[in-house]
Amino acid sequence: MLYRTAGQFKTTYKADQALFPVRQDAVLLAIILLFAWVIFPLTASEFAFQTLLIPIMIYALAALGLNILTGYAGQLSLGTAAFMGVGAYACYKMVTLMPWMNPILAILLSGIFSAGVGVAFGIPSLRIKGFYLAIATLAAQFFLVWLFEKWAWLYNYNASGAIQVPNLDIFGIYVAGPQASSVVQYFVVLGIVTLLTLLCINLTRGNLGRTWKATRDMDIAAELIGINLMKSKLTAFAVSSYVVGVAGALFVFMWRGAAEPNLFDIPLSFRILFIAIIGGLGSILGNYLGAILIVGLPVVLGIVPEALGLPVSSAMVEHLNIMIVGGLIIFFLIIEPHGLARLWALIREKLILWPFPH
Amino acid sequence: EGLFTPNLSYRTGPFAATGIPLMNGQADYMNMLNARDGGIGGVMIDFEECETGYSTEKGVECYEKTKGKAIVTQPWSTGITLQVLPKTNVDEIPILAPGYGFSPMMDGKTFQWAFNTPAGYWDAADMIVQYLEGQGSLDGKKIAFLHLDHPYGKEPLPLLERMAEEKGFELVPIPVGLKEMQNQSAQWLQIRRERPDYVVMWGWGAMNAGAITEAVKTKFPMENMVGVWWAGHDADLKIVGEDGKGYKSISWSFPNLDAPVVADIKTHVVDAGNSKSNEEEMAGVFYNRGIIISAILAEGIRMAQQEFDTGEIDASQLRWGLENIDMTEARISELGLDGMVPPFKTSCADHTGKSGGWMLEWDGEKFVKVSDHLTPNTEAYEALVAEKAAEYAEANAPWPVNDACEM
Amino acid sequence: MLTEIFITPFADMVAAPDFLMQVLWEGLVSGILYALIALGFVLIFRSSRIFNFAQGIMVVFAALTLVGLYAMGVPAWIAVGLTLVVMFILAVSIERIVLRPLVGQPDIILFMATIGITLFLIGLGEIIFGGENKVMITEELGIPTGDTVLEPWDGLLILQHLDITVVVVATLLVAALLAFLNYTQMGRAIRALGDDHQAALSVGISLQTVWVLVWFIAGIIALVTGIAWGARAGVSFALEVIAYKALPVLMLGGLESITGAIIGGLMIGILEKLFEIYWGQPLLGGNTETWFAFVLALVVLLFRPQGLFGERIIERV
Amino acid sequence: MLDAAPTTAQSEEALLEVNNIEVIYNHVILVLKGVSLTVPKGGITALLGGNGAGKTTTLKAISNLLHSERGEVTKGSINYKGETVQGLDPAALVKRGVIQVMEGRHCFEHLTVEENLLTGAYTRRDGKGAIEADLEMVYSYFPRLKERRRSQAGYTSGGEQQMTAIGRALMSRPETILLDEPSMGLAPQLVEQIFEIVKSVNENEGVSFLLAEQNTNVALRFAHYGYILESGRVVMDGAAKDLRENADVKEFYLGMSDEGRKSFRDVRSYRRRKRWLA
Amino acid sequence: MKDTDGYMTEDGRQIGGVLMEMKNITLRFGGVVAIQDISFDVREGEIRAIIGPNGAGKSSMLNVISGFYHPQEGEVWYKGERRPAMKPYEVARLGVARTFQNIALFEGMSVLDNVMTGRLTHMHAGIGAQALWWGTARDEEIANRRKVEEVIDFLEIQHIRKTPVGTLPYGLKKRVELARALAAQPSILLLDEPMAGMNVEEKEDMSRFILDVNDEFGTTIALIEHDMGVVMDISDRVVVMDYGKKIGDGTPEEVRSNQDVIDAYLGVAH
């Protein structure tokens, strides 16, 4: 009864193409937005902001970027973290070279740099496919991280080779740097993530989205029905890298506060890939579900033994943590290879029918 | 309740090998105090570990998780230190980073909340160069600087470059990437090509064992290789054993198995079955350095308790305590740490304490002291410290400094 | 600048031929070691189109098991035997728990699953063996240590006996694998399975048997690799990152070619060392080995998208 | 239903019996809704029906290949020579003499034609000599394969691939071959040829066939007995020659009306109801 | 038959001038000669069949037409001009649409989306407009959706509009593929074995659709098919290929009685 679709007829194509053809979905979304914009900011603790809310959104955004490339356009990439790095370093250079610049603008612009780099590294995808391409993206991964290390101009010749987010304000309110409060940062992240998610939803359900999906499902056929593969793949690389770059800038400016090159190394790429795959390739919602799982799980696992008063050492917790994450990845792949988003879709379908069987 | 002094430890990952003995030493000392004295000043110490795996990201997570109750944070990696440094300034929690961290942290006026007691990286670099100078003038000599390509490895570079200019030696920095730690043949080929007179090593984790085995393989004269204190782990040298004879490492700590503290740990912790360590490890340099690190923290707590006349001190009181440590020879032996650490004294302007150190050498089985007490020539780089500290403060403006503190 | 790129390096090579020889030898040895890891990948890829990311951790796991057993007092050679048993159990468990339920899923899902296995084994390994660096029981296994010093052109060339052994063992291993795949019934079945496992099932090839066998062989290769690497650099989880080097080797050689793995390994080992020593260190600040292999492989792929020895992608509509 | 009058070539003995099986894919999609059929020893039995009727699914249920497609038999039983074979793995079934030739050829692309054939002998343990001899037998049925023995199967034409797939099945020395749509995509001459070969293998080697086909016309010419499947149910069965004469079969499966064959040009209405479903 | 302005078919349709002409096409793969010096033309409004044994090079010929294979020799003339070497997507944009021998649908998308991809060549909104779902992007989406719905109605697949194509039975997939090609409103439609794997009833349906497309939209059709019944009934002219060579060309009756064709392909006279 919760999901009763009967009686909801669409009389125009426009209505049929609306974002949420089923009314209940829209209601659900409204509730989620209410929580995100009002309830969490009022109630969340500093710890919750820093270890859950902010990182979940940033990771989800990065996964969304990757999902556009891998889930929608079918180009497997293992170099996401490096493109996040490009965004982060670009943002750092912008705010240090032009301290008067609006930091939010800087974050949004930094994606453009990673989009450019993404397109450059996307060019081989025109010839290289599948796992070969995946390994080729590792070339970007390792080369860029090396570059972050060696190109001292990028980190303003800091002795440590790391970048440090300065205190940045908009109209006197600190939004980045040590002085910024978590709530403010949370709102900035939430705003940008909401905006980009909306744009990505539009892109993926429209013509470009179909072009990408066609390229993913069968590139030869796609080309034969009139899709310019080069354009399709490169736009996917560009859009994906843009989103990933912005996520990278948020990652450092709104959350971490500082970064060294190897932060953007392969473990981060894999982390984001996990989120995208566990969440569900080719799904927008999945990125959020995946991020909640992958970011939230270790936090929960870290708290549980303490809460239960179990005498487990922190190293043991960490080992178990790695093991459990590995095990869960396999577990989720087995129960639903298409990810949490598909699992949700199945539940939703059951709810639509409920209480009637079939 | 108690004194919550969490440790951001790493017993996992590629750096675990060097991390574990240190963490064990730290934990055993605190456990000993709890068992023997019922904590410090009658308050038990809650010495909890939060695992980071040497990952900066995890480190920050641990910091955020513990900062609510913690009176100190022990970040245990240069990367994490850099990351939490600006945050501690806002959260007002002292960072205790003995022998590591950001070198300009020694300027307590700018870095009110950060301590790299009892010695910093620049002290280490200075002492190593001093020691090498003692072997003969460095003018015209060539020193290869083999370092981890990571904030930690790059820390001493500005000072070494300056000294190279002053003393007329040629400095050849050779970075080792995190991924090459175990496969350093390219670096050692470069060393063979460059034919340096000395190799100064700033390694950590698996890099040390890799470098020492490669050195042996390429027949580099071991006596011309000197490491920083984090590159002097017994287990790394045991891999090559006899072949490693002559390898040196500067250190501000030394294992004295006859020291009373060791006996106390044995009775109160090891015999009670509360230690994760083993006999071999407990004889090593790193385990004993862990003891010293905890002892420094305990001393800071004691000073604060006395000053503020309360057992349950808070974070800012502990800062005062850490700024007023005076480890005289007498105090050292009172604490049962005879011969394990040189005397040092901190102040609000000097967060390091200038302990100096000893040069240790591997004799094929263990490290032995081969020098007298060396002291760093801090005046030589005071200006550099001030310059870098000011640079940092400016980049992180607004950055409150301790104006009350007179240099 | 141009002379530094195009002339100085070659002049350096000619000026110190003994050093060049040493560089080539070091490159050759690391190349062989990369190739050994790649071999495990290739075998599994051929039989199941699974891109087994866990090969690297299997190397660490095998080496740790061996050293761990020895530390518990098991004699060296018996420890080797027991390690093989452990690798067999691992193969069976992976087949049973991970592969069987996932049969028929898209490649990327299986790839992900192997990353899951990797994490699981890292956690498990650290719990069982701890994170300390351990010494490989080289001498106890009777592997020659020590070195031979040659003096060609009045220079110096150091050949580690260990490295020579590795080269010989790897060569034998590759020959054996090639013969196995090309001339035995089981080898044919492995190749058939890689092409179309539905059809393979239909002619009575048992997925379970072949997969267990293949993962077990990959486990044996992992043990050999683990001993070789461990003897050079000690055994710890840090070894795992070396496994990344196998990836460009695979790309260059072709994902399904044994020959490709070995030749790709040698090419990458030698070229990256030459590049690092003669170009990377003097001109680019060093450490180019982190990416050089990938970029090299990428460039080659632009011309041959299936790698040098990979199977041609049959594209028809 | 029509009388199931056994024809000459068949003996009474039932080799394979499928009793009322139900198959579900992905835990939700019910595809077979109770299918029963019998394959007698030495016969050619045809399984006919339109697209998606469930022919392939039935064959895969028998050969236990459903598992890797997330399908399972949820009801009913399958017996081979009186023993139940459900839940055996496909390899065990091949050892017992039942082998499937899959729809769409499914050759091992990167193996040569000869290697493809040799994989068919995977489960055999009767020595190299016997296998060699059978290879020659296959080549004698399919001379074209002998010419192409060294080519990679991925580059051979559709017909050659179909021959390779059948030849590969023969290499296992089967008692029963489950043959799925051998005629699909083949030129008329080749279809004829392949069915001739099926017939002679059946007669000379005594191999029984269960044949899934769309091409009712040819199938009923070569088979002894036929079953017609419609959306997961057997709607009609009978001896092949009886089916050929049945009016419904003629109209819907052979495209003939009372006046003989209709031209495809003259079909005007597409939505017709089958009489037996009404 | 050889006049330049077309001809009248038996059932009274007027066939126009030459729309596409293949001139001396030769295509080789390594040593294999897939097509050897073949020429033929396709006229406006005509249904042209290509037949021949397996491996004769029929699909390859279709691939040459749609630009997927590039012949070593020969020219393709289209709408009176010589077509330069082109990428397949450029050819598609010239109004050439096709279906495939082994169904090549986009399995991860719904039927509607699959058919919408057929309209790609008619949609031009920029990425910005699409991201905002505003202005041209939105109008275009609706206008094209309308066209697609017409095709969907025509092929009677309304009921599966939102179903993912991966789960459809074979026959329906073939129809969706045809819908995708039709949505592009091509001037020439290439069909590679549209009736393979279908039973008589389904073949009848498919024949009907092909004839109606030709009739209602005047679309020129070139098709490959192995079912001689279908070919003889619905096509206007037939090209016969055998191992890369052309062995016959003409009306169904002419081809049927050609001895070469009988020997190489038909086996018996149909």
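By letter and in written order, the chains are A, B, C, D and E; residue numbering begins at 1 in each of them.
Basically, contacts are C-beta pairs under 8 Å (C-beta built on N, C-alpha and C of every residue); 3 or more make two chains touch, one makes a residue touch a chain.
Remember, predicted model here, so these are calculated numbers, not experimental data.
For subunit E, the chain with the farthest CA centroid is B.
Distance between Cα centroids is largest for the pairing of subunit A with D. For the pairs C-D and B-C, the larger set of C-beta contacts lies at B-C. Subunit A and subunit E have Cα centroids lying 42 Å from one another. Between the CA-based centres of subunit D and subunit E the separation comes to 31 Å, rounded to the whole angstrom.
Subunit A and subunit B have Cα centroids separated by 38 Å. Taking each chain's centre as the average of its CA atoms, subunit B and subunit E sit 75 Å apart.
For subunit E, the set of residues that touch two or more other chains comprises 68, 100-102, 104. Looking at subunit D, one finds that residues 155 touch two or more other chains. Multi-chain contact residues of subunit B (touching two or more other chains) are listed as 11-12, 149, 175, 177-178.
Contact residues of subunit D toward subunit E in the complex are 29, 48-52, 104, 155-160, 181, 184-190, 192, 214-216, 252-255, 261, 263-265, 267-268, 270, 272.
Those residues of subunit A that touch subunit E in the complex are listed here as 13-14, 17, 199-200, 202-203, 206-208, 210-211, 213-214, 216-218, 220-229, 235, 239, 282. Across the interface of their complex, subunit D is touched by residues 11, 29, 32, 52-55, 101-102, 156, 167, 169-172, 193, 196-205, 207-208, 211, 226-230, 233-234, 265-267 of subunit E. Chain contact summary for the complex, subunit B toward subunit A: residues 9, 11-12, 48-51, 53, 55-57, 60-61, 64-65, 68, 78-79, 82-83, 86-87, 89-90, 102, 149-151, 154-155, 157-158, 175, 177-178, 276, 388, 392, 395-398. Against subunit C, in their complex, subunit B makes its touches with residues 11-14, 16-17, 19-20, 149, 174-183, 185-187, 189-190, 192-193, 205-206, 209-210, 213, 217-219, 235-236, 238-239.
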